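Chains here go by letter, A, B, C and D, matching the order in which they are written, and residues are numbered from 1 within each.
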Amino acid sequence: MKQEEALRMVNISKYFPGVKALDRVTFTVNQGEVHALVGENGAGKSTLMKILAGALQPDEGEIYLEGEKVFIPTPQSAWERGISIIYQELNLLPDLNVVQNIFLGREHRGRLRVLSYSTMIREAESLLARVGVGIAPQTMVRNLSVAQQQQVEIAKALSLNAKILVMDEPTASLSETEVEKLFGIIRDLKSKGVTIVYISHRLEEVFRIADRVTVLKDGKCIGTYSIGELDRDKLVKLMVGRSFSETFPEKAKETGPMVVEVRNLSVPRILKNVNFSVRAGEIVGFFGLVGSGRTDLAKALFGFYPHYSGEIVVKGKTVKLHSPQRAIAEGVGFAPEDRKSEGLCLGLSVKDNCVMAVLDEMRSTFFLNRRRETGLVQKFVADLRIKTPHFYQRVQNLSGGNQQKVVLAKWLATRPDFLIFDEPTRGIDVGAKQEIYHLMRQLASQGKAILMISSELPEVIGMSDRIYVMHDGAIVREFGWGERVDEERIMYFAAGLHVER
Amino acid sequence: MKRVLVVLCVGLLFWIVLAGVALAQGWVKFLDSDKMLVDTSMYAKTPPWKIGFSNASISNSWRVFFARHVEYEASKHPEIAEFYVTDAQDNPTKQLADVEDLLAKGIDLLIISPATEAALNPAVEKAMEKGVPVVVVDRKVTTDAYVTFVESSNYQMGKIMAEWLAEKLGGKGNIVMLSGIAGAGPAEDRLKGAMDALKNYPGIKVLEQQYCEWSPVLGKQVMATLIQKYPQIDGVWADSALQGSGAIEALQEAGKPIPPVTGEDMNRYLKMWKEMGFEGVAVSFPTWQGQVAVQKAIDILNGIAVPRYVDCPRVIITKENLDKFVRMDLPDEFFMDSRLPEEWLPKR
Amino acid sequence: MVTLIQRILRGNPTLFFVYVILFVFFVFAASTAPQFRTVYNISNLLRQAVAFGIVGIGQTIVILSGGIDLSVGSLISLAACLTSGIMIGNPTLVFPIVFLVLGIGVLVGLTNGTLVAYLRVPPFIATLAMSAILQGSVLLYTKKPVGGVTRGFMFFANGQLGAIPFAFVFWVILLSFFLFLLRRTGLGLHVYAIGGNQEIARLSGIRVSVAKVAVYVISGFMAALTGLFLASRLGIGDPLMGQGFELESITAVLIGGTSLAGGKGGIEGTIAGVLIIALINNILNLLGVSGFWQWIIKGIVVIVVVAAYKVKE
Amino acid sequence: MLVALFVVAGIVSPIFYRPQNIFNVLQQASALGVVSVGQTLVILSGGIDLSIASIMATSCVFAAALMAGKNSMVIPITLFCLAIGALAGFLNGIITTRRNAPPFIVTLGTALIFQGIRFVYTKGAPFGSIPSWLRFLGRGGIGFVPASVIIFLFLALVMEAILQRSAYGRKIYAVGDNKVAALYSGINVPNIILSVYALSGIFAAFGGLVLAGYLGFGDNWAGKGYELDAIAAVVVGGTSLAGGEGGMGGTVVGVLLITILSNIVLLAGLPYQFQQIVKGLVVAAAVIFYSFVKVSGERR
């Protein structure tokens, strides 16, 4: 099959404050292929794609579409040239409805440039049907689940009838079945001659769907390979520049005393009769699809639902966790799912973020003790290998992995007995993931009890000593010590199939 | 016959001169319609009456005293069955609405103290069109649609103050002028009166004129700066005692001898005057205009003819009669040219 | 019927709530003050609502876009003063002046918009500064009420079409137009999008800066229109007449359930907000409540109403 | 910027440099300064307080009425006035946090309520008088340094120390930067916000007392316009209206800048109207300047 060149980006460079995000990157995509773009976080994938989509302007370099040199100054001009993009972070407005979101910025207009909602609604219905999601086009996006929102994003991209479709981490919040549906759509588009650039951290997806792979590292292009030339290890090696024989650290050999025991925990309409326990030294994984109540469970343990019923026992003592302050005082730490909006004060410094949860301990009489503060921060920056020029750097200028480490440092500073990690590696590159995994295991071996929530099955299986599966606000299955687990069995329970039996 | 003619001629001449002066001074009103009595027989009505009073605001103590005079007088007349009071909170648009609300209540007569002159024309016109007689008080409207206008001329007040100051300085010297709120009718009228008076005193040099928002804080701050700027200030013209008292404080704190400063019948100014003994004059802007307005309103509803224009005589307080007005035991913001009995004074 | 209410509640509980409050106030007024129920009083009430209603439309749109416009008060004063100051009762000048004044409103809006959209000045500060500049300018132009408008021009604010005030009809037409603009045109949708999330709006290809400027231009235009309306209503322009309009219009918008953060709410709510404020004034007058207590009551009502919307984070 | 203004001021009028004039400027700046300190805290935490002027006047009126010229009453009534301020701030804070209502409108409502309260209390005509101790606070001086400015700078210094060096201060920044993250870090966000408004109320009440001392009697409108001037001063001082960024140092500069501006406009003999125009232009210019500094910083 003769491959025509659809897109060629030549010598693209982009500078941000203190960082060279892209350094003379050249990237070529053929007509009608699924081209995976991989690399660690901060490698420059998203920046490159934003340049393609007209959301950013390159500092140097040229873009050719089908051999023709083009300038893409605005998102509109990208669409006009048939380029559309689904961004990594959700790009929907919660207070507008689905139709408005799908057609935002390029509404259909009738006579006198009046919006013609009837045509838009009709088109939206067919798009949503194509994605395979049954939601009314006039539903407010606010009322949709995260997965449904992701699917609306895909519908939005489809509506563009793009020649080149860029998907930046489209499966981040999709369940397995939804991922399957997405792959179906991708294959369908591909058969219609649409060129797809696919960015993902989930390498197995890359192997399943991509024809060719381009690897970026530290803003430079490492190379482009056809999928046949690569295997998983080789790809990882290209991405991080070193090879990993084993992805996950060794599991716990023995556990200590019971740290947390939860009995009949219920929160009206959110959690139903949850029972579980975590011992010192073990990592307990929680798996569930979006809406299964896994994050709500974490919130309940962190005191966000003061009116829960049931019993929470921490280190043998029944405690009333009715506020985050109480939870912290009882030795609970919580690294939330969304780093940027929940985990960090982006405008403040590394130091300020690190000591944020222990400010009251940093006092000598009234004022904060500078030496104690810097001592603490110094220790964690060294221990966790946080890459920052100085302690006073604003965390918004750090990479995702380093930001996550700052969150971790914040919690370690509280010297917790029980740590909850909600999606600890979301949006983090492979190298940093390894570090986080090892850190978690290290903490466990130091005698901390760890609860990890994750929607990545390999991660749950690889990291957890025991696994609880949640569905619809309740725990539906526990996989105990040494019990055989595989992805299908977990998914079987998570999807609620055991009920319908 | 000859003597009669002479008298007539002299009389005529006098008239012409007076008219000329009046025209020149812009008080034409005095001579044409304003001195006339208005026949109010068509408004006569048997009690009980409903009277509406649309007040511009009660947001400072002058206005509070004014409103109290209105209510005090109204309380003395059992013929008034209902006396409605609205407060426009210094907003002409709200006042127009207030008047409409009052008309909706079916009032027999409207007393209005406009939030700003001229802008309440439609309100009074509307009332008169509905056959509701209107008494305008304190600030004017520019339409003819009212029965009587009760005021104490701000123009005259400013003028008298300026004349006193010029005379005190012997027609020669440097003065600064401190006005109220830029754009507010009374402030601008007082300023105009003063400026017109100063035309007759070429020896008086106005160093600067500034607005102080009728705020004692600003009065003090502005004066403190002006003292720095002008080494020699021979007199201060302040259009109210609010900024006037602030200015006196500034002068006192700067360690300067206090030059003649004009003021009004606000107790604060009078107290300072008595304590410090500077050259002062207080020209009142009588708070009892409101009382007169109600009296005229009663006349109208009784069908008694009322003058088209009522000028409430301002009291001029000088060193000689200061002791008659100042009350060291009463609050600073009391207005001493008051006709309220003791029990009607604002109290806790 | 029950399902309808449920749907309304789910779709827009805030809006529903505002209208409930409006209704409660209305019933309260009608039951306590007999004069309230007269046609005359109701038609007055509607007329009174119009001034805030017009400027409130512009303010709503600005707030929907995530901004705020504190310059409307001074602009109203300027517009009203220019109107009566130049017209001085001359009927041939009516149309040129209307164009001139609206043009100035647009120009002021353009400046505000440029400051906010292109020079990145926070709207609060940009329009506050603009307000100071405009107020200074009006007072340079005149310190006293100036000129006067023609009889014909006064019909705009004071005329009646039968029992209905013309001004109210005009307001309804304006409302319909801007409701249509917000609900059915690209600009309207874009205003909501920008208020919701500026970055998403930008990435969706919306020309954010242009839309923002447009929003301030609309607000400036509406403020100038309010100035014309007030000049017509009072027959003359006064350099201080717009004072307080900025804060009261914002109060009306927020009482109407539009979020100060932008992206949520709409003119539907502002209508109720404006009517609620007019009703409060009307009731307090009819009941003869003293001015001092009026402040306290109004303050409490404002706080209670906004506190009643428990906004979710 | 302040230095530049000093130079410009001197060029406009050499009188500016006179010790007495500097004394005046400092004295005039202090009441605004005291309330701006409170406003800075609120703005840093991501809020805004428009009730300041009303609280000032209320405190001023109550001080005159209740102290009634007696020095013995200064301390108890000062405490009483600060309590009123705290109450107003508490009302602002509790409604802003518990009901998540926009502070803009809540504080506006509080302003109206307290305006009503002081008028109802005095029936519209303030009474009483200010005792000499309080007068010293408002207009006295130690040598050429006004007593009030010492207090203003002292308060600013203390609050700056608290902001930068104490756990409480750090929490204010965290809340202003990201409320959710602060909550997830175990910071009691509602309490912080509540305390910030209460402090602002206390500072406003204190500012009212300074003004009462400056003025010498209870005035129903003492402090009129100070809410917006305080916001302008804070913003000109580089504190971001979005919260989480800025500090007292900038506010002190901002307050002096705004006061000096009024002073030199007067010294230059420009009419009142120009004062407003110049103020508007300077505030706009300062903010444009900051946004450029920020943008160029990002592009570095």
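Operating definition for what follows: a residue touches a chain if its C-beta (ideal position, glycine included) is under 8 Å from a C-beta of that chain, and two chains touch if they have at least 3 such contacts.
The shown structure was predicted, so the numbers you read here are calculated from the model rather than taken from an experiment.
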item: Shared chain contacts [chain B and chain D, defined touch]; value: C
item: Chain of greatest Cα-centre distance to chain B; value: A
item: Intercentroid distance (Cα basis), chain D paired with chain C, Å; value: 30
item: Chain centre separation in whole Å, for chain D relative to chain A (CA means); value: 44
item: Whole-Å gap between the CA centroids of chain A and chain B; value: 73
item: Length of the line joining the C-alpha centres of chain B and chain C, rounded to whole Å; value: 35
item: Per-residue multi-chain contacts in chain B, two or more chains; value: 58-59, 182
item: Chain C residues counted as touching two or more neighbouring chains; value: 139, 291-292, 294
item: Arrangement of touching chains [line / ring / star / complete / other]; value: other
item: Chains that touch, pairwise; value: A-C, A-D, B-C, B-D, C-D
item: Residues of chain C that touch chain B when the two form their complex; value: 35, 38, 40-41, 44, 47-48, 51, 138-139, 142-145, 148, 154, 158, 230, 233-236, 238-241, 243-244, 278, 281-282, 285-286, 288, 290-292, 294
item: Residues on chain D engaged by chain C in the complex (per definition of touch); value: 48, 91, 95, 98-102, 104-106, 108-117, 119-120, 124, 179-180, 228, 231-232, 235, 241-242, 271-277, 279-281, 283-284, 287-288, 291, 295
item: Complex contacts: residues of chain B adjacent to chain C; value: 55, 57-59, 84-87, 89-94, 96-98, 100-106, 116-122, 126, 142-143, 181-185, 188
item: Parts of chain D lying in touch with chain B, wherever the complex brings them together; value: 13, 15, 18, 20-21, 24, 27-28, 64-65, 119, 121-129, 139, 211, 214-224, 262-263, 266-267, 269, 271-273
item: In the complex with chain A, residue positions of chain D that touch it; value: 161, 165-167, 170-171, 173-174, 177-178, 180-188, 244-245, 297-300
